[in-house]
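Below: a set of structures, written as structure tokens.
In what comes next, subunit A is part of two complexes: it sits with subunit B in the first one and with subunit C in the second one.
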Partner chain A sequence: MSGEEEENAAELKIGDEFLKAKCLMNCEVSLILEHKFEQLQQVSEDPMNQVSQVFEKSLQYVKRFSRYKNPDAVRQVREILSRHQLTEFELCVLGNLCPETAEEAVAMVPSLKTKGRAHSDEAIEKMLNDLSLVKRFE
Partner chain B sequence: MFCLSELEDTVRVPPDLLKLPLEVAIKKVLQKLFLDKVLSIGLCVSIYDIKSAEGGFVLPGDGAPTYKVVFIIVVFRPFVGEVIAARFKESDSNGLRLTLGFFEDIYVPAPLIPRPNRCEPDPCNRNQMRWVWIFEEQEYIIDDSYQINFRVENISYPPVPTERAEDGAIDDDGLGPVSWWEGCSERNNEDDDT
Partner chain C sequence: MQLHPRFFGQNLRENLVSKLIKDVEGTISGRHGFVSAVTGIESIGKGLIRDGTPFVTFPVKYRCVVFRPFEGEVLEAVVTRVFPNKCCYSTDYFAEAGPLKIFVSNHCIPDDMEYQTGDMPNYTKSDGSVRIQKDCEVRLKIFGFSIDATEISCVGSIKERFLGLITDPGAVA
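Take a look at the complex of A and B:
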């Protein structure tokens, strides 16, 4: 990450390596950590003893702050968001916070409206609408 | 937010683990080295996958094989400007403290609390001050009833340099030496404001 550019996610100046690194939504992390925990349950009688505090509390956090629980729903969410020319970072913030209006979405992810990007309010509303449909049929 | 990060490291598998399948043994060593530690890329939460392990040569004078391992970990890493959902932990006249559970050093200083507001002694807890946000003539007490969305303004690391895991000098409770200050926005059923 270049030292000269100050990190600022609001303007998408978060360092190239993170833009390319795979960012995960809370609901995806929930599936990953749940799966790990289940694997532990298969080999240990007392899986809670085997996991660290950080693992346990992270799992609690992502379970609590995930709108989508079902693996198919989670896949659909990423698919829908991927169709809208977002960076991995923007995709995950939106997937995590589930804004209900375009105004809210832009407040949470101001980089959507930076110069040269084609995200009209209508396009954002359509995207949010598609997301809300996923929730309904979970 | 959480990210997947690919790393490469040289991993020494102690002899007592060699009875296990190689992948399991390497995973155990990686877990000990990385889990709950704060690296430059973030707080390591879990080993996601091992992509490759090469070598297995035993160096002279050592009883254990060493492997060059490429693996992927799940880390938590905040970004300046990122909006994150948290819960209220406590407050005083300086401001609020928020928590994610696995990370609790999130501070919202008074100037970054939505205005207009006021600070008053907490009637339920004589030692605490509580903050009340006034919006459109409604008063919202900032407490743990609601999720609080905050924007990361600043991330600070402690002046003490942290060593690599082998030395055990990294904070054991895994919470790492990071503290953030941010603007607070409260999400409740009636209204959203950032």
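Take a look at the complex of A and C:
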């Protein structure tokens, strides 16, 4: 599936629509889907039957791969990452993968070093440190 | 959304929203990927009767969570199968990231990892320090995907640095 320009997440070529859309980290999606599931549980005895396979698999996936479980922690993570001039896409990849070093972060999100923003290694390390503090005190 | 008049009345809005959710959640959009969940209704426009039928069509604007892969994206997934490919004696495995199926060929697995048969077929590093088998969590990079009406599948790799088995949060092979 391709548009006029070839898509490439490493260069942040993901289409205008997705660049401007709100991206969610796994932990945020987990809160949304769990909330929806709880609402279903209140009106139905067998909520699993009411949801699509896509919903069920998505819920299992985001629950398993959420680095942060507590809603306050999730909010803090978004707040920390939002201070660093990242696109929504970059913010979510970092929030999902939680790299430990600047080197790892740049390997996961190469566009950090491009697009004219020149994030320094120190700035990236500080950001990652702040993230790991949230994890430690969750 | 199209609705039959039998659903009109006091619960019209509720019926419309239920139908929307039933019709749209769990489907696949060519542009947006999987529609995992409808999260809200922005607006419901005036209904128009379709000529020659009793059905009424309502334009509905809604918000939803969608999920699709991007070329070059790095994400985490669960290994679902490790099996040998009989055609060319290569060994491949399938992983899943939620509803997304990911295929990794042995060309995209580090050269120092070898396929081992047995009750729990797996890939083991030559020094024995890393073993990837069913239900392991791995971090991989997407290289190409295809979307059709029933599924989205993609090709991934664990061959690069910082990819591969996730032993604990933040650490990779």
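Note that the second predicted complex is superposed on the first by the 133 of 138 C-alpha atoms of A that agree within 3 Å, B and C clash if a C-alpha of one lies under 4 Å from a C-alpha of the other, contacts with A are read in each partner's own complex, and residues count from 1 in each chain.
Everything below uses one rule, namely that a residue touches a chain if its C-beta (ideal position, glycine included) is under 8 Å from a C-beta of that chain, and two chains touch if they have at least 3 such contacts.
Everything numeric in this text was worked out from a predicted model, so none of it was measured.
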* To do: Kindly say whether there is room for both subunit B and subunit C on subunit A in the superposition, answering fit or clash.
  => clash
* In the overlay, answer first, second, both or neither for which of subunit B and subunit C A:92 touches. => first
* First, second, both or neither for A:54, with subunit B first and subunit C second -> both
* Asked: After superposition on the shared chain, which partner residues are touched by A:23: those of subunit B (first), subunit C (second), both, or neither?
  -> first
* Asked: First (subunit B), second (subunit C), both or neither: which does A:67 touch?
  -> second
* Given the touch rule stated above, what does A:33 touch, subunit B (first), subunit C (second), both, or neither? -> both
* Structure fact -> Residues on subunit A touched by both subunit B and subunit C 6-11, 14, 18, 24, 29, 32-33, 36, 52-55, 57-58, 60-62, 65, 89, 93, 96-97, 100, 104, 107-109
* **Complex contact set, residues of subunit A against subunit C** => 1, 6-11, 14, 17-18, 24, 29, 32-33, 36, 51-55, 57-58, 60-62, 64-65, 67, 89, 93, 96-100, 104, 107-109, 132, 135
* To do: Could you pull out which subunit C residues touch subunit A in their complex?
  => 25-27, 30-31, 34-37, 39, 65, 67, 70-76, 78, 96-99, 137, 139, 142, 145-147, 160-162, 169-171
* Quick one: in the complex, what on subunit B touches subunit A? -> 1-5, 35-36, 43, 45-46, 48, 74, 76-77, 79-85, 100-102, 147, 149, 151-152, 173-175, 192, 194
* Structure fact -> Within the complex, subunit B is touched by subunit A residues 6-11, 14, 18, 21-26, 28-29, 32-33, 36, 52-55, 57-58, 60-62, 65, 89, 92-93, 96-97, 100, 104, 107-110
